[in-house]
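Given below, in the form of structure tokens, are the structures.
The following pair of complexes shares a single chain, subunit A, combined with subunit B in the former and subunit C in the latter.
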Partner chain A sequence: MNDFVLIRKNLFRKKLRAVLMIVSILIAFAIFGVLAAFERAFNAGEAVAEDDRLVVVNKINFTQPLPIAYFNRVQGIEGVRRVTHANWFGGYYQDPKNFLIVLAVEPESYLQIVDSDYVITPEMREAFIRERTGALVGESMAKKWGWKVGDRVPIASNIFSQKNGSRSWDMHIVGIFSKRKPQADTNVMLFQYDYFDETRSFGKDTIGWLILQTTSPEVNDRVAKTIDRGFANSSYETATDTEKAFNKAFVAQLGNIALIVQLVVGAAFVTILMIVGNTMVMAVRERTREIGVLKTLGFSGSRVLRLILGETVLLAIIGGVPGIALAALAIVNMRESVGNFLPGLTLEPSILAIAFVLMIGLGLATGLAPAIHAFRLKIADAMGRG
Partner chain B sequence: MSMSDILVALLHVSKRFVKGKETIDIFERLDLTIPTKDFVAVMGPSGSGKTTLLNLLGGIDRPDGGEIHIAGMRIDTLSEGNLARWRAANIGFVFQFYNLMPMLTAAQNVELPLLLTNLHSAERREHVETALKIVNLADRAKHYPREMSGGQQQRVAIARAIVSDPKLLLCDEPTGDLDRNSADEILGMLSILNRELGKTIVVVTHDPAAARYARRTLHLDKGHFVEKELAA
Partner chain C sequence: MRSLFLQIAAVTAINIRSIPQRFWLSLSTVVAVALVVMVLLSFLAMANGFQRTLKGAGAADIAIVLRGGSQSEINSVISREQVRLIEDGPGIARGADGKPLVSAELYIVVDGIKRSTQTKANIPLRGIGTEGAAIRKDIKLVAGRMFNPGANEIVVGKSLLSQFQGFDLGSKVKFLTTQWTVVGVFAADGSVFESEIWGDLPVVQSLFNRNNVFQTVRARIDSPAALAELKHFADADPRLKLDVKSEQEYFAEQSSQTSDLIQKLGWPLAIAMALGALAGALNTMYSSVAARSVEIATLRAIGFGGFPAFIGTLAESLLLAGIGGALGAVATYLVFDGFTTSTLGTGFTQVVFSFRLTPALIAEGLALALTVGLIGGLLPAVRAARTPIVKGLQG
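For the complex of A and B:
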């Protein structure tokens, strides 16, 4: 026998009570795991953003277009190193529920700017630039739909239609790219803006947004002001911000995810803290005489304190680890339905680390009051009590 | 009797309890010496201070005045931590209601005091087996307290008290919750521990029969001893 056996035996002396506490903790950590993964997935764009990138959108909001002419006008501004543009296609494959992230881009400049995000070979680049209907597909998307280089796939849009009335565009997959940055999203398809612009029935010569690479992050503010000032009082006023701020604002449209996570998890944890804490106080009070016996045998107050804290930490771990496992299982299942919207939905190691710290913290917090009570308990008082 | 023969020495010990506005003097300048290998029964009416005396001898409670020396160590000035360590090494306790841990087996209950030593697992197991053999419960090592009779539980408690080979055994009403046969069995066992293993034993009891097993009986009344020699 050792102290761990003593802790374990104490924890499970009333099995039903222990099981109920474990289930409560399990549920709390399952909620935490799922919500934290969602929060990370929503904010993945913020993590992947580069400090020297700016995004220019229509001042009304980013769903409104900008004239293609802005692409050339912005290139001449001092401090701008590279410019590209992209257009949201609103794509889907075969069925509208098979939503796809598809962007119509200017091939050469776009690939230069996202070079730090994705691994794109010279052969892929050349083929993409050369072929009008060519499309580059991220490996995550290709894997999901079983696409390979050379495949021709019809991709439909829920926004645009062709001049012939068709909503479908034929795409010839000329490359499948992987991520260079761990946070980068490869659940994306890129195809040529020219092909898109020539065939679409409306919105000709407009783009969705501009992406700029500046000469250094220090000039970002000046460049942004110059751009917005230059297009002020025009039909298409602009709003320029860093890519990080743009991604953040995009997510913020769905609500303050971080706050929602914090509130829900906070409420769950406070409830669990009160339930487990109260139960542990009662459990230790029931054992007052036994604590007295331990101290009589020579167990010091600090050792008794460690035994009780060990019990609550063990309880939190026994409940927390399967709770996180349950969250991981739930996330795997959820990926099927929301993976297109949130490709980065996963339980990252950092979430696991936070969960483990929370388990220890919850264990210590719930055990602290009864442990201090046991630490201070005088043997004569303990043995005198029924 | 030389100083080296004395295991317990209480010198002018005072103890009082404060209850509300009232102060109750339990002992006023109490003196007591117990030689090594003695077996003392302490008797007296309820509230006479028997359990308080046992608590003072075991370092569970502290006197308000005077000195307590056990095995050459003055214990009333030790810190809580040192007192706990001293208690683990020198004192074995037997309680009226056995006070075994219900979720531990007999062997695990006996092993508890050894968790405070540096003994390895195999050595601890050996000590536990020896202690259980002494109390004739080797065959019940894996039984839980709820699976044993009161007498058997008390024998496990005795095994727990002697497993770390303490110098002094303190027993608080060890037969108070037992039938006559079981009580005699326990007292006989304490007597053997005293005679054959040389344990010094102090038993607090209301049971006149218990006193017959002791070498001497101390009657405690209003904080003073009245000593009577008994035939061994």
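For the complex of A and C:
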């Protein structure tokens, strides 16, 4: 009989108790898995951001417009490799509840800049640049609404209206693109700025924000300062930031999600630590006499210690692994319903790694007190008891 | 019957007096239930606080007029002509001087620095008409004075001041190339308006290059019933493609999404955690039954029934869970009630709100705790009642 068999037999000597402990560990890890994935998804914007990308917005706030002339002016600044611009459209399909992320963009430069995020084929690119009412749709949006290349769909705006009074624009889908980076969001529609600007009833010649690529991340600071200084004291002052910082600040507006996740996961783990820890103390105390027997047979104190720690670590893994599996299942089911505002909800490998470390940690923490007790136990005391 | 009650009382007393023997295990159940209740109640208090902040802002006798289909103020655009038509519309209350109690407004999103994170966040700067403060309910200046018409002056909401830096009374704030002076601080009974900055409409329009642009019209109406009249009027005139709602209705719509979301997160989390705590409770109660098997068997040998043993165990479980629930509620109250924070509301600006724990929410928390206690005690109680006396006496 090797040590592993001993560990296993000890763990399941009271089946019901073992099962209950496993269930509570399973739940703690399921909660951890789901919440960690949510937190990652909230911060996906930060993960997807490129180091050499800067975002230029109106200094008052990013919802305020900038003049289109800034597009050309920024292009000329030293250290700027490429510039593009985008405008928030406030789109929806058929019913205002069917909110869509739709951007009016400068086709050529926009596709160049997002090339590291999305897979855009040359045919798509060409069709999008050529066709005035052409639109590119991300894979997940196309799938959700059942759109295919060639479809013409009316997309309404809750902000803009056309000069003719209509609130909706006809979009001709000329391509459906997939993502290149796992965190990239394909729940998005792009259409031509020119089509948008010529038809809208107000706001002509303004854009939402500029995205630019610098020649290297080292010049980011200098480029940002040059841009902001250049437009200082004009009626449209700018605030330039890295894409990463911009996305991070935006997520921070929702609230301290990381803190909420930490508190809830913390509460779940404290609960489990108490339940399992106390149960294990009790379980080992019941076995005092047996431990005495083992020591009499020549088991060293450290081997007994290993047996007990092995038992709690095994318990944590038997509970933790299905817990994470349950989290993965839950996430797959939730992806559909939260996909609109939380794309890229997945259990990343790094979450799995953290979960594994937590399992080992939980196993050691719950086993420590009883293991040390057993380690120190003198044979005479053990055999004398109960 | 009397003897049954006496038996139940005796067994329950024995059960409860024996809790200290399993002190740590019992404590772990109490703490586990307390944490579950805390998680649930803090989410519910968050949802409730957010909802109160928005709903508190809405009055039934104030109409809000938005461009048709725009859903929230930030998306709406209204022309000067439309403002005039509304001012002369039916059902609109008039002041002593005969002027309509109407405020055309411009809603601009500006950046503020959040004190807690030192990051930029969206806050609303509202250009309001001369009647703007008067037609809203419960607006009180708590420091300074109202802005003067035509001046670069702003008043700020009390909540905004607590969460964002740089808006203290007397300080200068720069938007665009213009300096604005904070001349007053107002309270609005904790409603969403306290998260706003107000300035004189024409000044805001001109300094933000939005001459003659309006976004919403707020109007005091004669009675809540007059709203239908005004709606009908707007629908009938082709120049008015507008949505007319009571402010109450508008804010209820705005709040439901976010508070629903918070509740939808809170309940599943709490239920999942409750299942974990349930496993702990079952464990504790089975240990309790096992530890007292000799006592239980002895009692039954001298004529006690199985039912008192059942009730005794159940009572112990409910007591532990009840204490846990109460502890959780008290801890939530102490830690989170009144805790002020802000999040992005549907107006795309920060809404400052405070967690609010109510007796009804506490009752929900206690119900969850007692459910854990009931289910956690049930199976062990059955075992206590059913174990054959001979087996029990063997220990």
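FYI, the second predicted complex is superposed on the first by the 382 of 386 C-alpha atoms of A that agree within 3 Å, B and C clash if a C-alpha of one lies under 4 Å from a C-alpha of the other, contacts with A are read in each partner's own complex, and residues count from 1 in each chain.
As a working rule, contacts are C-beta pairs under 8 Å (C-beta built on N, C-alpha and C of every residue); 3 or more make two chains touch, one makes a residue touch a chain.
Computed from a predicted structure; not experimentally measured.
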- Message: In the overlaid three-chain picture, which partner chain does A:72 touch, first (subunit B) or second (subunit C), both, or neither?
- Response: neither
- Query: So, A:164: does it touch subunit B (first), subunit C (second), both, or neither?
  - Reply: neither
- Note on the structure: Comparing subunit B and subunit C in the superposed model, the one touching more of subunit A is C
- Just subunit B (first), just subunit C (second), both, or neither: which does A:333 touch? neither
- Which partner does A:379 reach: the first (subunit B), the second (subunit C), both, or neither? first
- Message: With both complexes superposed on chain A, which partner does A:298 reach: first (subunit B), second (subunit C), both or neither?
- Response: first
- Item | Set intersection of subunit A contacts, subunit C complex versus subunit B complex | none
- Task: Show which residues of subunit C lie in contact with subunit A when the two form their complex.
- Result: 24-25, 27-29, 31-32, 35-36, 38-39, 69-71, 74-75, 77, 108-111, 114, 116-117, 119-122, 175-177, 208-209, 269, 272-273, 275-277, 279-280, 282-283, 286-287, 341-344, 348, 350
- Task: Report the residues of subunit A in contact with subunit B in the complex, numbered from low to high.
- Result: 1-3, 5-6, 9-10, 12-13, 289-290, 293-302, 379-380, 383
- Query: What residues on subunit B touch subunit A, complex-wise?
  - Reply: 55, 58, 60-61, 80-81, 84-85, 87-89, 93, 95, 99, 101-104, 108, 111-113, 115-116, 121, 124, 160
- Contacting residues of subunit A [partner subunit C, same complex]: 16-17, 20-21, 23-24, 27-28, 30-31, 59-61, 63-64, 90, 96, 156, 158-159, 167, 202, 233, 235, 237, 239, 248-249, 252-256, 264, 267-268, 270-272, 274-275, 277-279, 281-282
